[in-house]
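Two complexes, one shared chain (chain A), two partners (chain B, chain C).
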Partner chain A sequence: MTTLRDVAIVGYTQLPVVARDEHRTAIEMLYPVVCEALGQVGVDRDGIDYQVSASTDYMDGRPFGFVQALDVMGSWPPRQDLHLEMDGSFAAYYAWLKIQTGEVDTAIVCGHGKTSEGSPEHVFNLQLDPFYQAPLGLGPITTAALQASAYLARTGIGDDDLAAIVARNRAAGASNPDNQVREQTSVEALQQSPWAARPLRRSYLPPVGESATCLVLAAEEKAGDLCDHPVWIQGVDHRSELQTLGARDLTRAAGAKLAAQNAYAMAGIAGPRDVRFAELLATTPVEELIVCDALGIDPARSDVVVNPSGGPLCAHPIMSTGLVRLGEVFRQLSGHAAERTVDGATRAIAHGAQGHCLQQNVVWVLGTDRRAA
Partner chain B sequence: MSQPPVDPVKYIETTVRLPYHYVAGDHRARYLRALKDRKILGSKCSKTGKVFVPPINNSAESMAPCDELVEVADRGVVTTFCIVNIPVVGRDVELPYVAASVALDGADISIFALVQECKADEARMGMRVEAVWKPDGEREGSHEDISHFRPTGEPDAAPETYLNRL
Partner chain C sequence: MTRAVAVVGVGQTEHAARRADVSIAGLVREAVQRALDDAGLELADIDAIVIGKAPDMLEGIAQPEQYLAGAVGAHLKPLLRVHTAGSVGASTAITGMTHVASGQYERVLAIAFEKQSEGNAMWALSPNMPFTAPLVAGAGGFFAPYCRAYITKTGAPPHIGPMIAVNARENAARNPYAHLRDPMTMDDVMASPMLWDPIRYLETCPSSDGAIAMVLAGEEQARKGPRRPAWIKGAASYAEAMWIPGRDQVSPAAGRRCAKHVYDQAGITNPWKEVQAVEMYVPFSWFEAMWLENLGFCEVGEGWKAIDRGAQRFGAHLPVNPSGGVMCTNPIGASGMLRLGEAALQVMGRAGAHQVDGVRNAVGHAYGGGAQYFAMWVVSTDR
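For the complex of A and B:
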């Protein structure tokens, strides 16, 4: 562990999440975000050694669609590039890993994709087994509802509890200008919403939207050169679980739990009592409870603020949603979170996830200080 | 269970149908609309002055924005070509045919073009060609508004005028 290089987030930009941008293609949305991120850290493209992007071709509707992003990421003269068919939070992990090799000191990590051009619900159906799961019509809403049902049965919580979680996220998210949904709402109003797939109401599901995101990472002393308030990566790990839904306990996130334990160990912290807030990629109130449980966060106690940004229940730009969590932690800990600032925060957790029912998870511990050696 | 199954189901058929509604983007939307009026638009790099056709938002090379739209000619020069003898997916063209890169006058990069009204063995680099537009009333604001390119009969262009516009 002591041989790890210290790496920090030094910049972050995103477009406000919208349901549909009528004027720009996915890469036309990404271009100003990359330019702004480079401007934020005060370098031109030559100041960046490496780039990783996150998108999914099925959502783009183009095989190898990700290569379009090369034209807006500063790929000339040629430089090393990596693409992940995963959320940007995982892309950031691979950028961090590349920096660990010592080959590069700086990297940009981009998330892009237009959810409005295709049909994400169909795409995520095709992710499932083609013999019986996909033909039965399972999609992310129905698999999340199967998970929610099992969780409610195991824990005995009910609809009031789920509505309260959504209401809390919506209240927090009202002051975040990048959110697609910025209206507070009451538990009662949320419970007026019809069932999407019982026990999940439509109001318990995230607003799927589109954005473009760019995170800048830098190692060691480079971080201080590029940013007055670098936010250091103190610990990180990611874990993937089985694809077969029936082979997992859907009410628990074993992968998130193991990733969290490893990230805490790398950060040299005992657990979430050493952090002030957590940004979680939870797309339903039940997922939020499952992730909290895996990370050791007790939602009944208020010592860790969960999703002060409003979380994915206020904006879910697929492929960027996890990168937004890292960006939000950066904004908070570098003093750029405006009204939604969590007072006194010097360390936080960012969680990313992908796949049905939290199949893949990545957990980050980030702080204003370097990782304890 | 020890016996092999009688008439086993060996395959399943899955038809994947995923519709998409692509946003053209403001630059490309204007470009497509201009084709209806027999005009070809490019965009100019604010840093290098290079003109890209079809218009792009930013230069991939310089990273600078290309906000200004400019009209380029509907004629230009063949910068490279090949003679195609194999059928191509999605095209119904008599074989062999000439597929060419054409640098339009006023543009710094080439577009892909089908050259007809020209014997395949007469195609050459430097040959001057012009767009043959679909008749008025039949153009819809798509790439198919240009039926094809054909030789103009002008003298060939000198290599130094097009070799950096491949």
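For the complex of A and C:
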């Protein structure tokens, strides 16, 4: 492994997540976000070397949904560019990797998609193995319920525990103006909610919404030029697992665990005891427990604050949800988290995921200081 | 380029209108196994995997790399999915190269595929865009006006398109993997139905099932592998906005800029003289003349003349698409990587019956979107 270049997040913007933006296309939503992100770092588009966008055609309901994003990302004159059919947190990983080559110093990473124009439960059925799993009618809710059933059976926790996790996220998320759901609620009220698919109640599932996101990355000295409080990427790794639900232990996230170990090693930290908080892409309370376990976070000891933003249970703009995690860590560590600021935080974890039952995971360690050499 | 990267193994499937003998996973695995065998490696040797394909509507599976993770050996490995429209195969190979160039990975598997018989390509490629009259004419209907504009601008005579189509088929006859290999004459092409003026039926690419994989590696692996490696001397992917007033769709700025970027990296000042073989993305005949100009091989208005002279034929000055190219084999998502892989095979000296003599530098190229996405590389026999 060669020497790493230090890369920082230097800017981030998003639209407040809403169930449906009646008046704008996905691209019209992205445009102001790109402009504002460039404004934050004080450069025009010519000042950025590289761009990566993240979206998925099926959620857009059309082929080549990302092509139009070129226009609002300032792709004139032509830009060095890539589009990943993945959540934005993976697109950010590729931007980081591109910067590691030394060919570029700066990049914007954009996530977009208009979930209200389709049905995620039906669209993401089509991700599954077309012969053995998709025909069963499984979707993200039912596969998450299978995972939750297995987890409850293995650990013996129950409905009260799940409701408590949701209530904690909802309480934290009430002060985040970008959240789609900002009402606090009680364990009792959550448990009044009907089953979506046992053992998951409707109130335990994320409100699916839409947004647009733009993250700005910069290397080394450039980071200081563009931002007073850059948030440095100290470690990162991503790993995939098999999709086949029956071939995996759904109660554990082996990919997230390996990615976390590698990210911690790159950051030179022993584990989560060296971080103050974590933003996790967990779409159910059970996924939160599984990801915590994989990352070595013990929720019972509560020395790591989990999802101070409220997490995906308060806002889940598909294809951007992972990028929002990175953005939240940037806001926290650069002093822009307002009321939801976690006191004394200088280092945090951001986690992104996609696919059924946490198939693909990316883990980031970010801090106010550069990576320990 | 900060760190030397080479192609150390290439594997492609037999291409056909319908590969009914394999599932999508089986098709992809066929290419992966051949690439690994070619590189003398096993899946366990691979550090990361990049998969590219064109719109998921072509097969009806959303983000199919998730389903394919097992077939390509991605369990507990980094797996990224690229989609840059028609250029995706090429940008996927370049994404794999970036993994190695970054210093974070030693051996990376890049895979591109399309199994178009699973769906309906015309439907999948006819986006219904908001506030735009639905064309429902597929890619041919979209690009025919670009070809017509080229003819109008350059005064190219009408026989150039059919000449390109005939030459592509002649070349494909030497490529055992190609989908369409039957010879055809100028008369055959001229007599075929006009689909989208000026593009006739026999001037269009087929709809194919196929896959290609390649192993990209750092210098140490490249030196100890069983094959002569293809060193990547320059590579880039560029894109440009669609709705720019005055945008030149015939010779897009993104293509010119991408070409200049890779030639500068490779130290090439006169591509016509310094490149010995080109694999470029020609889905409809006329694009061969257009790209000869856009990629800097010919001056504006001179591309069709080079073709009229036969300078791009196999055995002539600069063979273009010696494999037969997209005109004879088009699994869309794989087509771009097939161009880059065929260019690599040319410098590795392993293109078989369609090997061009004396290749030192070869260019692989693909484009996509509304002629907005460009990805290309220069590979060389020399480090």
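Assume the second predicted complex is superposed on the first by the 371 of 373 C-alpha atoms of A that agree within 3 Å, B and C clash if a C-alpha of one lies under 4 Å from a C-alpha of the other, contacts with A are read in each partner's own complex, and residues count from 1 in each chain.
What we mean here is this: a residue touches a chain if its C-beta (ideal position, glycine included) is under 8 Å from a C-beta of that chain, and two chains touch if they have at least 3 such contacts.
From a predicted model like this one, the values you see are computed outputs, not experimental measurements.
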| item | value |
| --- | --- |
| Which of chain B and chain C A:Y58 touches, first, second, both or neither | both |
| Partner chain(s) touched by A:G118 [first = chain B, second = chain C, both, neither] | first |
| Touched partner set for A:C35, first chain B, second chain C, both or neither | first |
| Contacts of A:D71 with chain B and chain C, given as first, second, both or neither | both |
| Chain B versus chain C as contact partner of A:T346, first or second or both or neither | neither |
| Which superposed partner A:T25 touches (first chain B, second chain C, both, neither) | both |
| First (chain B), second (chain C), both or neither touched by A:P130 | both |
| Between chain B and chain C, more extensive residue contact with chain A | C |
| Partner chain in contact with A:A254 - chain B first, chain C second, else both or neither | second |
| Common interface residues of chain A - those touching chain B in one complex and chain C in the other | 25, 58, 70-71, 74-76, 123, 126, 130-131, 134 |
| In the complex, chain C residues that touch chain A | 1-3, 23-24, 54-57, 60-67, 69-70, 74-85, 91, 95, 98-99, 101-104, 124-125, 127-130, 236-244, 252-254, 257-258, 369-370, 372-374 |
| Residue ranges of chain B in contact with chain A within the complex | 12, 14, 16, 18-28, 56-58, 60-61, 63 |
| Chain A - residues contacting chain B, complex | 21-25, 27-28, 31, 35, 44-45, 58, 61, 70-72, 74-76, 114, 116-119, 122-123, 126, 130-131, 134-135 |
| Residue numbers on chain A that touch chain C, as the complex places them | 1-4, 25, 56-59, 62-64, 66-68, 70-71, 74-86, 90, 93-94, 97-98, 100-103, 123-124, 126-131, 134, 237-244, 247, 254-255, 258, 354-356, 359-360 |
